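I have placed the structure first, in the form of structure tokens, so that the comments after it can refer back to it.
Note that the chains take the letters A, B, C and D in the order they are written out, and that residue 1 is the start of every chain.
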């Protein structure tokens, strides 16, 4: 299947780009990082070490010319996006572009024109919240209409703190930008207006910032959004969305799945079986074993990273005694093991 | 890096084996399914279709002889494990063996002997709960000792229902078996005794079963476990563990992370930043885009499976107006879009 | 103590007045209802039957003239308050007046003048939320400052539905009125401005209403409030308040006490001992026993409404056997009772 | 209504007795404390001061002879109960006796005989959990059968710590005693056997105690109970009960009402209207006002303990402006108050 494996060029190897490189290399199937485009050589070298088989390039044009990529993932700062998008479109490559597409409507429009000229929709924008299971569940509830029409959305986007380079306008362009995409998507409507209200300023926020802010949005279907944007909340990271429907209220973002108030009760769903409850555990188990097996075969480590055969034996003894206990309710059955062979210590 | 990629032979292509094949193919890095060993030809063919590049074999010996695998993952019924483990050990392969290692202590002991003869620990057993993030958090709490010593474990293992082939002894050998491994691991101690108590029987359980049962376990460090094993609970799947410490109580398994009662309060942790809150969303986004990009390049689908460039443009307009609103608090700023090009409809 | 017992005249015997009559008669110490002022004779008679020893009057002036009351509780419709407040002030009585004081500032001002003329503050207004334990806890958090200054309040006031007489302006005068009192009280500041935003209308609300609404309030200390007022939410009754502080967020109103997000965790308090956990149970127990004892003495019922002496005996036997079990861990001790005497069946 | 008011003699004025004296005096209607029987004179005097109109007696016989009581509430240590119960029965008084009835079955049986000789059931025993709203809800769920038959009860009774006089046997006679009454009551069955298991000992418990303990109980209908009794849990007080039914699980005791797992969901009820949500607030409001009014009339304090007329005026202004804002959506309406009269500062 090597033929069909997608060779991705990651453009930009900062925090976001590095994260995507690890993701593609470790958790994504059908793709690998074949090129890293990054002018900073130190960053480029580090990135390439995390992506076996990848080449480093200083400019996207060089990577394209070398025929080194089937697709590009753009993770540079937003003001550089256009300069990468245009040659990538010209090369007719599939593109995943971190948000924002570009920092202003004029440059975004030029990108749209270039994409149309390329003959196909090739650009996907990295508004990743649309892929969050809770947002998807909430959107299904909107579509299904089982709680009536959506009337209001009451949202909060809270960061513990922000880095030094974070400026006032980034409250909108870097943070609220997520809600500007996902809330209309959730509500199935277009954004019609925006308004900002200023609450009391947080004295713990950097001097250059005036926040939190309250952002009011009107959508084309009449839905009203009030969003608290707060980047100095200190306690942690939280993105909550409360959707007010005609006959119920739903909330996501509090680590408990979709919580629904309806018909005199409030609650959440329960796992149906082990496949959801232990999904992460199964993946983690197999990944760790694969890593250990490779290390073992390469002679650089143990073959096992988890319960070993001695654990298997121990449990076999326990099961045998457990079955005895099951057949003699109320009787205490002892569990004794032979001495553990030195091999397993 | 093809050289180092682990070629896995999956032995058994039933429900569990198929699930592992999909996992290795879709979500695990550094490995691929190179062989499927399955006597049932229909199953074998289906399995192979889900694992591009894999070959089907009827017997493990054939796969070994063909040099088709670097490692094996055993997912046959437990009574067949020994017959697969022994040749795999002889071939000195890394092995991930679904639980149980084997169904009884005698055969497990034979496996231990064969592994020792092979010169290295090569077998990992599939007690996947040890990789569950909540169990790991709870184990860290036990080790850290910040709530004092562990005194009791109060557990529940509840299935909505069980399939036709599920027999009474499987309450222990198929279900409690998980706790027989994970609870001693959690408590850092050996199992010393087992006792079963019979509550009132659930009239909704199949006639052949007498359950739920209460299983009492004593561990070598004095920790007492009382485990409810319940396979007809109807409402869903739930595995909860309440750990009673000297100065606090912790609970996992209710879809809320590790809940801790300590010093007059009860609560759970909060995400530190977006990397944990939206981890799934990032992975899902990139995987979907990779799949779409490959389909687009192959001419069998669209390049995009998510927000497209028009969404990017739309948000650029919204951001521009949002920044205006931010600079004029209390003023409603309209958002207007040009007509959407037909290309993007 | 009869001398000091407060003789209350309840003015108005509609739903609210009747509820107060029951409250004073059944749960309030140091007071009794001595008079009910209600022009509707049927209502008046019913009310008097629930308040042993109370007299019915058609007009407050008659009750005052008869010297029948030490204090008045006003529960008439708001537009009648002034007409009752003025003579009560003239008689220098303590007054508890259901909200609103009066329906408009002019009449309220006249009441203030009359009260000042009376020489002492005698009027308490029925904004009962200030006495809710959760609001009080939240206010203490504001005062204590342990989560920093209060910045925003995000509130929701949701009713399942409203009665026929509920009109559009009552969204403010009957419903939001509570928050108009309690939120400034909570924040320790004065209200400075109000603004209403209209979300999509709920099609399930009566035709005469346009709701839900979003009410924005600015307080004198810069705190911004966004309040969802919703009277057709169908699912039940809910009043939630989320207070955004500089270094934490607190929420009340979801039947879980004050939930606090701070320093990487979220949680609630735990009972310190049985006096809070079982406060209601103790009161209910004694009240039921008092009622039963009076019925028993009057020959109209049993002396007991709860566990009886047989239950006491039964538990004495269980305790005896329990102590035996405690002294012989791991031994099942049977509990046998003599035949239950016919007297206790 | 003086005639029918129940004159209660409280026997024993220790912690429990004092609490009951306050309860009867402050929160119970139709009764008052007319006598306190307490040999310790200091205690007796303190108690009498909290119960206006009550007389102190050294022995119950004196109180009976004086005709001072219609009923007695017994709150002495358990070993003294019999000596009080017998004369009270002879006097044919209604009795509320704190748990236990007496400390052993023999003395309890003598009490039963005396009660039968008195001709009527006159004794109620203070197992107050039966009056807890959550236990009642859970019992209704058992009776209703909507989750099938009850199969198991998994309970925990946790105290932060215990006082010096608490001895090992009191784990049963003072603590588990509550569950010995309430769990059979909940399950609708008799207790059939008891067994104690000893987990690891808590090193933080007093040296004289070996705890926590696990108590197993079998009920006559086959229901199995496993109860953790823990009196050094440090973090607070907690009594939880998890009821395992045939098609669901219910839990009470975690400050969230009755939580139910059934049919793929878990959740709790929601308030139907303000009468439940703000029940405490209404009572507290009126009690505080009554206390203030009495203090005001007696010249020993203010007439008001809560929002005053100025608050009423302030809200009248806010409502007026709020209605304006409602009629002009999107317009910020200012709220201005005249200077606050000195009278109201």
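One rule holds for everything that comes next: a residue touches a chain if its C-beta (ideal position, glycine included) is under 8 Å from a C-beta of that chain, and two chains touch if they have at least 3 such contacts.
Model, not experiment: these values are computed from the prediction.
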Starting from the Cα centroid of chain C, hunt down the chain whose centroid lies farthest away. B
Could you see whether B-C or A-C has the larger number of C-beta contact pairs? A-C
Chain C to chain D, mean C-alpha position gap in Å, rounds to 19
From the mean C-alpha coordinate of chain B to that of chain C, what's the distance rounded to whole Å? 49
Report the inter-chain centroid distance for chain A and chain C in whole angstrom, where each centroid is the mean of the CA atoms. 46
Where does chain C touch two or more other chains at once, residue-wise? 197-198, 216, 235-236, 238, 261, 264-266, 268, 270, 272, 330, 332
Residue positions on chain D within touch of chain B in the complex are 148-152, 154, 156, 158, 197-204, 212, 214, 216, 221-224, 226, 228, 230, 232-236, 238, 244, 246-249, 254, 261-266, 330, 332
Which residues of chain B touch chain C in the complex? 261, 264-270, 272
